[in-house]
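Letters A, B, C and D mark the chains in the order given here, with residues in each chain numbered from 1 onward.
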Amino acid sequence: MSKNILFSAKNIVKSFHGTQALKEVDLDVYEGEVVGLVGENGAGKSTLMKIIIGVQPQGSGEMYLRGKPFQPHDPLEANAEGIGMVYQEQSLITTLSVGQNLFFGHEKEFMQMGIVNWKKMYAEAAAVLSEVGCEDINPRKKVIDLNFATRQMVEIAKVVNVTKEASTDGKCLILLDEPTSVLNETEVKRLFQEIRKLTAKGHSVIFVSHRLDEVLEISDRIYVYKDGENAGNMNVADATEAILYERMVGHETNSEYYHLDKQVIPKEEVVLEAKDLGCRGKFKHVNFQLHKGEILGFCGVVGSGKEEICSVFCGDESPDFGELIVKGRKTKYSAPYQALNDGILMIPMERMVEGVIRGLSVEDNIALSNAGRLSKRGMISRKRVSEQAVEWIRRLRIKTSGKEELVIQLSGGNQQKVVFARVLASESDVVILNHPTRGVDVGAKEEIYGLIRDMVAEGKSVILLGDTLDECIGMSNRVLIMRDGLVTGELDAAVDAKPSQVSIISMMV
Amino acid sequence: MNKLKTNKAYFATYFSMAVIICLVLIFTIMEKSFINSSNINNLLSDTAPLMIMAAGMTPVILIGSIDLSVGAMCSVSNVLVVSFIMKFKDTIYADWFIMLVTFVTTLVFAVIAGIILGLIHVKLKVPSFIASLAFMSIWNSAALLISNSPISIPKKLWGTIDWYKISIGPLGYPLVIAFLIIIGYYVILTRTSLGRGIYAIGANERAARMSGIAVDRIKITAFAVNGFCAALGAIFLMAKAKSCAPTVGDSFTLMVISAVVLGGTALIGGSGNILNTILGVFIVSIIKNGMNIVSINVYWQKVVFGVVVLIAIAINTDRSSRSFIVK
Amino acid sequence: MEEKNQAALDIREEFAAKVKADNRKEKLMKWAPVGVLAALILVFCILKGRSFLSLSNLVSILNQWSLPLLVALGLTFVIMIGSIDLSIDGTVGMVGSLTAIFVANSKNTVNLGVLGFLLAILCSVVVGFLIGVIHVKFKIPSFMVSFAFMNICIGIGMLSYSGKPATIRDPLMMAIPKASFLGVPVITWIAIAVLVLCYYIQEYTPFGRHVYAVGTDETIPKAVGINVNKVKIKVFTLAGFCYGVAGVIGALRLGQGQIAIGTDQMFPAQAAVVIGGTALTGGKGGVMNTVVGTLIMTVLINGLTMMGVDPNIKTGIQGVIILAAVILTIKHGSAVISK
Amino acid sequence: TDPAKEAAATKEGTPDNGNAGDTDKAAEIADFKIDASQIPQEKLDTTLYVACSIRGLENPYIATIADGMDMFCEYLDSIGQKYEKQVLDSGGSNDVEIDNMKQFAAKAGGDAIAYADPNESAIAPSLAEAMADAGGYLGTAWNKPDDVNPQDYDPNWVIHTSADNVANGKATAEALFESMGGKGKVFVVEGMLGNTASNSRIEGLKDALKEYPDIEVAHQDTGNWATNEALTLVETWLNDTPDVGGVWCANDNMATGALQALDAKGLKGKVGVTGIDANTDIVEGVKDGSVIATVSSNGYLQGGYTLAVCYAVWTGLITTDELPDDYRTFLTPAILVTKDTVDDYVAEYVDSVPEYDFSDIWFCKADK
C-alpha cells in the first residue's frame, strides 16, 4: 500500500438547526485503500459523505484533496475532481434510461451541433457497464423497470465512471454509503470485486455499512464514529466485530446476539394458515401454519416469491388461488387496513416510500397504525400519542431532537426504527417483518431482536424476512425455504438445533 | 428547540393575520368608509358561500387531490334546489317544509355526486385533477339541462329564505354556519383517526396504505364532504340572489382553491390547517371588497388583484421551515 | 420431487408469460391515446361521413388544432416538472390583444409589422420568466403564482384596448390566416415549427433530460449538482413563449385583438396533455403525447359541432369522453397512486 | 328626424293612463327637465357616488355604457355637482354583481345613483334590495323577472329599461331572410347558454322563422358571446353546409368571428351575416355589404339617461310616487342598422359623438 495521502478531513463540524450531526471529526484516506466507516445510526456518516461530495456545506473545518484545500460547492465540482458517491438513498431518476442516468449532468460532453448524440452516449454507457461486470444491463432500459439490486449496480457504475471522467489524471475517491444494504450475497461479491479492481488502480474508497463482517472483509482501515465524534480508527488486522461493536455502542455486547435464551416454544393455537395459496406468476402451492408465539422465517433469493407472499398476508395484494385463514376464519383482503383489523401488520421493505411518512413528525408516525387504541369516544388523545412516542424513542434509542421532529430529518437507520416502533405500537397479533433491521446499527439490532423476542413471549406471532440468512436462522423457530415461487423446504430451528446455512442455501438455489 | 419547532406551525396563522391587518389598514387609509358598519356587515355575511366551499375543499387538498368541479357542482345544486322549489311550491305543504325537503334532497344529491367522483378517482385511478375536470363539464351540462335560464324564487316564498339575512352581532347567519362547520372539521382533522388519515394520505399515500389506513374510504369521504359543502354554498347563493342560475358557480372554482392555498394549505397535500382557510377566504374577499370601495379603475382591478394576491402569498408562506419541494 | 420440478417449471413459465403480457399491455397502453383518436375519427366518419372527412374540414381541423397545440406544448413542459400553470387564459389573451395594437390596426397609429409580433411574444416570455422566478425564489406554489399572473395579464390585455378591440389592418397579417402551403394552413405550419422546436428541446438537449429528472424527483438532480431552479425558470419561460405564439395566432385568426382569445384555453389544454399520456405528477410523457392529446380534443369538438349536438349537453358529452379516454389510457392497479 | 325615435322596437304600446285628470300630469312628467337652479346647494355639495354595474368590459357595446356614464358625469360637472364615479365589473358572475352593488351602496350610504345591467334577470331584485338597504337609487336595464317591478322597491329602484331583445332578434333575422330571398339555409350562433338576452333574441329569431317557412336552420350552437368560438363554429359548419345562405348571430362580437370564418373560405360578402350591438367593425361591414344588419341599442343613452333619471330622484326634483307605471318600466330606442340606414347612422353616431342633453331625462324613452 502506498503511503500518499489522497484526502483528509480535519475538524469537520456540522449542525442542522439544533442537531449537532458532526462535532469535530477527522478522516484520512491514503491512495489505493478502502476505508471502512462504521457507527451507530445517526452517528454522522452520511453527513460527512455529503459534505465531501458537496451536497451539504460543512459548518467548519478543512478538507484537503491531494494536498490542496478542497471545498466543493456542488457535486459536479467534486466529480470534476474525481470524487463520486453512491448515496444511501437511491439517486437514479427512474423515468430516464440507464445510460441517461449514467451521464446525467454530463450530457454536454455528447453534444454535437446542438444535439445530444444519444447513440454515442449509449455506446459509452455500455462500455462503462461492462467494465463493472454488468454487461447484461441494457443501457436503453428505463431505470423504473429494473429491480433494486440492479439499480444499485447502475449507481456503482455511475460512480466508477466518475473516476474516468474526472478532469484530473490523479487518483480518485469513491464514497459508498451503505451500498450493500439492498444487495444479495452474490451481488455483494461482485461489488467487492469491483472495489478491489479500483484500489488496484490506486483509487480509494470510503465504505459505509452496518454489516460489520463486510466491513472487515473489504476494508484496509476502519474508522468508528460515535455521536458525531471519532471513536477510534484501526487497521483491519487489529479489528474484530466485538471491538468495533464496543467502540460503536460504548459497551460490550452483553448478551448473546439473537437472545436465544429467550426463544420460546410456540403454542398449539394456529393464528394464520395458508392453504394452497398462490398468486399468478409469483408463487404457488404454499401451505403452512403460523402458531401463536412463533417466529417463522422465510428464506429465499430474490424472485423466490417470499416478498409477494408477505404482500398477500398484509392485504396489499389479493391471492389468485387458495385460501388464507386467519384465526380460524377464511379471509380475503383487498387493502392493508382490513388485515390490520384482523391484527396483521407488516414492516414494509422500502422504508422511504412505504414505511414512514417523512413529512409527519416522529410521534404521528408512531401513532399511525393504532389510532383506535389512542382514542377515547372517537377523539384521539394527544397526551397518549406523545407518551407513546416518548416511550418508543427511549426503548429503541431513536436519535431525534424530540418527538415533534419531522421524520425526514432523521438519519436513515433512525427512520427505520420509527417504522419498527409504529408496528410494535400497533400491538397487532401477527407481525410481518420484512427486513426489519435493514440499515440499523448493530446496537439497535440487538435491541430489536430483544423486542421481537418479548413480543413473541407476549403471545404474538412473527413472520420474518431476515436481512441476512444468519439473522433469519438465529431468530426463527422454524424456517420455510422458497425457490422459484414454491416452498422447497421447511426446517425446525429450535435453540439447540439451528439448521446450517449450507443446508438452507442448497434448498434456495 | 422543541418550542421553536411547534411555534413554527403557528407562523402561517400569524402571517395570514398580518396580511389581513395590512390590507384592512391600507384600504381604510385610502377610503374611510371601508370600515363603516355596513361594509363590515357585507364582508361578514357575503363571504359565506366562498367560506363554506373553501371549507369543503380543504380536506380534498390535504389528501393531495383537487376538485375542479366544485363550481359546476355548486351551479347544478343551485338550479336543482330552485327547480325543486318551483315544482312543489303549489302543493299543500307549508313553505318551510318545502324548503327543508328541497335543501335536504339537494344536499343528498351533492353528497352522492361527490362519492361518484371519489369512486372514479380512487377505484379507476383517474387523477382527481382530470376526473373533476370531466365532472366540471358534466355538471355544467346538467345544470343547463335542468334549467337553461335563471329562475327567480317567486315573491311569495321570499319569507322562507329570510334567514340568510339574519345576523348574530356583526356576523351573518350563513357565515356562522360556515364557521361552525369549519370548527367541526378542525376537530375531526386534528382529533380523530379520520383526520390523521387525511394528513397521512396527503403526505405519503403508499405509506399510509401500508400502515393500515383505509385510504380509499377516507379519500371518498373527503370528496363527499366537498360535494356537501358545494351544495350548501349553492343554497346560500340561492338565498342571497333569491334565484338560481346555471352558471352561478363558474367563477368560484379557482377562487375557492386559491383561498385554501392562501390559507397555507399545501397543494401537494399533507400539511395545512383548516382554521387558516378562514383567513385565506378573508384575504380574497377583503381584496375584492376593498378594490370596489376604494374604486380602483375597473381596467386596473384585475392587475391589482393579481399583484396583491402575489404579495399576500409571498408574505404568507413560511419559507424558513420549508424543507419540502414546492410544485 | 419430479412433480415439484414440474410445478416449478410451471410457475416459471407462468411468470414469463405474465411479464410478457404485462410488457405487451404496457406497449399497448402507450398507443392507447392514438387508439382513442382513431376511434373518434371512425365514429365521426360513420356518423357524418362525407363532410367530416372532406378536405375542407381537415383543413379546418388543422386550423382549429394550431392554437390548442401551441398552448398545450408549453403546458406539457410545465406539467412534466410537476408544476401547473393557470396563467394561460391571461397570457394568450394578453398577447392576442397586444399583437393587434402593435401592428397596423384600426385603433392607433402604431405599425411595427413583424416586430410587433415579436414584441407581443416577448411580453409573454417575460411573464413566463417572472412566474418561474417568483415561483422558485419565493417558494410559492406555481398554482398561486400563475393564478395571480392570469389576473394581471387579463388586466393588461383589457387595458390595452379599453373595451374597443383593435382590428388588424396590416395586409400581411390579414393574409396569413387565409394562406396555406402544401395544402396545410400557414398557421398550422407555425404551430408545427414550434412543435419541432419543443421536440428538439425535449429529446436532444441536456435541458430536456433535466426536465424529466426534476419532475421525477428533484432531490436527485439537486444532489447531482443540476441547478433545479434554473431548469424550472427555463420551463416557465419556454411555456410563455409557446403561449405567446398561440396568442399571435389567435389574433391573426380573429383579425382582431381581444382578451377572449385566451378565454377557456387552460382547462382543455390540461385535459389534452393528460389524455395524451403525460402524468400530472411529472416526469412522464412528452410533446408527442400532447400532439395526440390535442388532436383528440380538437377532433372531438369539431365532430360534435359538425353533428349539431344540443349545445346544452355538448360540454357534458365532452366531459364523459375525456373521462373515458383517460380511464382507457392510464395505468390502473393497486400500486398506482393517483393524486 | 331623430333616429332615436325610429325605434325598431315598438312591440308594447303605451298603456292607457286612465282618466283625463292624469293626462295633464302625464304631460307634465313627459316634459320634465332638470332645472339645475332648483337643486339645493347642499345636494350639490354632497359627494354623490355614481356607478354603473356591468358584466365585463371586453364587449365593446358594454364599454359604451361606461362611456355613457362618463358623458353624464360631464353634465354633473357642468351643473357643479360634486361626485365620484366608478365602474363595477361583475365579470359575468351573479354573485359578484350582488356583492359589488352591496359594497358600493354600503360605501355611499344614501348618496348613490347607479345603473345596473343585471347579469341575469333573477338578480335584479337583489341588486335593488342592496340599494334599498342603503338608501341609494338604482336604474336597471335589460334583465328583470316579470313578476318583480321597480315599484316593489320604492323609491330606491327608480326605473327599469330595456331594448326589446325579441324585437331586435326578429328584426335582424327578417333583414337576413329578406336578403336571402326568403329561402335557404342559415347558421344560428347563440349567445351564452342560459342568458336572458340571448334567449330572447333567439325567441325573436324563431318568430321570424315562422314567417319564412322556406328558411332552414342548418346549424345552431352557442358561441358564448365570443368571437373566437363563433369563428370555430362557423368554420366547422361551412365544411358540412357550404351552400349556406346566411349567418345569424346573437351579437356583433360573434358576427366578427363569423365574418372571419367566411372570409377564410372566400365567402365574405356572398353569405350575409347579422349581429346586434352595432360594433364599429360590424357597422363598417354593413357599409361594404358583408353584414346585412345589426342593431344599435345605444349604450351612451342607456347608461347616461338611466343615471339622469336616478339623479333627478336623488335631488328631489321628482319623486317616484308621481311617476306612472310606464315611466318606471319602459323600452329604450334601438336603431336597426342596414344598408339603407347605415349612412345616417354613421353620420350621427360614429363620425360625431352625439350631443346629449341629460336634463331632458326621458329622452331615452322609446315611445316618448
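One rule holds for everything that comes next: contacts are C-beta pairs under 8 Å (C-beta built on N, C-alpha and C of every residue); 3 or more make two chains touch, one makes a residue touch a chain.
No experiment lies behind these values; they were computed from the predicted model shown.
Most contacts: which chain pair?
Highest contact count among chain pairs: B-C.
List the centre-to-centre spacing of chain B and chain C in whole Å, with centres computed as mean CA coordinates.
Using C-alpha averages as centres, the distance is 29 Å.
Where the centres are mean C-alpha positions, what is the separation of chain A from chain B, in Å?
Centre-to-centre distance between chain A and chain B: 44 Å.
Can you check how far apart chain B and chain D are, centre to centre, with Cα atoms defining each centre and the answer in Å?
Going by mean C-alpha positions, chain B sits 35 Å from chain D.
How far is the middle of chain A from the middle of chain C, if each middle is the mean of its Cα atoms, in Å?
The computed centroid separation for chain A versus chain C comes out at 42 Å.
For chain D, what residues touch not just one other chain but two or more?
Touching at least two other chains: 57, 66, 193.
Two-or-more-chain contact residues of chain B, please, as numbers and ranges.
Where chain B meets two or more other chains at a single residue, that happens at 144, 148, 206, 299, 301.
Which residues of chain A are in contact with two or more other chains?
316
Run through the chains and report each pair that touches.
Listed by label, chains in contact pair as A-B, A-C, B-C, B-D, C-D.
Within their complex, state which residues of chain C touch chain D.
By the definition above, chain C touches chain D via 48, 51-52, 54, 56-57, 60, 63-64, 106, 158, 162-165, 167, 177-178, 250, 253-256, 258-261, 263, 301-302, 305-306, 308, 311-312, 314.
Report the residues of chain D in contact with chain B in the complex, numbered from low to high.
Of all residues in chain D, those touching chain B are 57, 66, 84-89, 91-96, 98-100, 102-109, 119-123, 125-126, 133-134, 145, 147-148, 152, 192-196, 199.
In the complex, go through chain C and note every residue touching chain B.
Going by the criterion above, the answer is residues 82-84, 86, 134-136, 138-145, 147-156, 158-159, 162, 218-219, 267, 270-271, 274-275, 279-282, 312-320, 322-323, 326-327, 330-333, 336-339.
In the complex of these two chains, what residues of chain A are touching chain B?
18, 314, 316, 335-337, 339-341, 345-346, 348, 353-360, 364, 367-369, 371-372, 375, 378-380, 382, 401-402, 404-406, 408-409, 422, 426
Provide the residue numbers of chain A that touch chain C in the complex, in ascending order.
54-55, 74-77, 79, 87, 91-96, 100, 104-105, 107-108, 111, 114-116, 118, 280-285, 316-317, 483-486, 488
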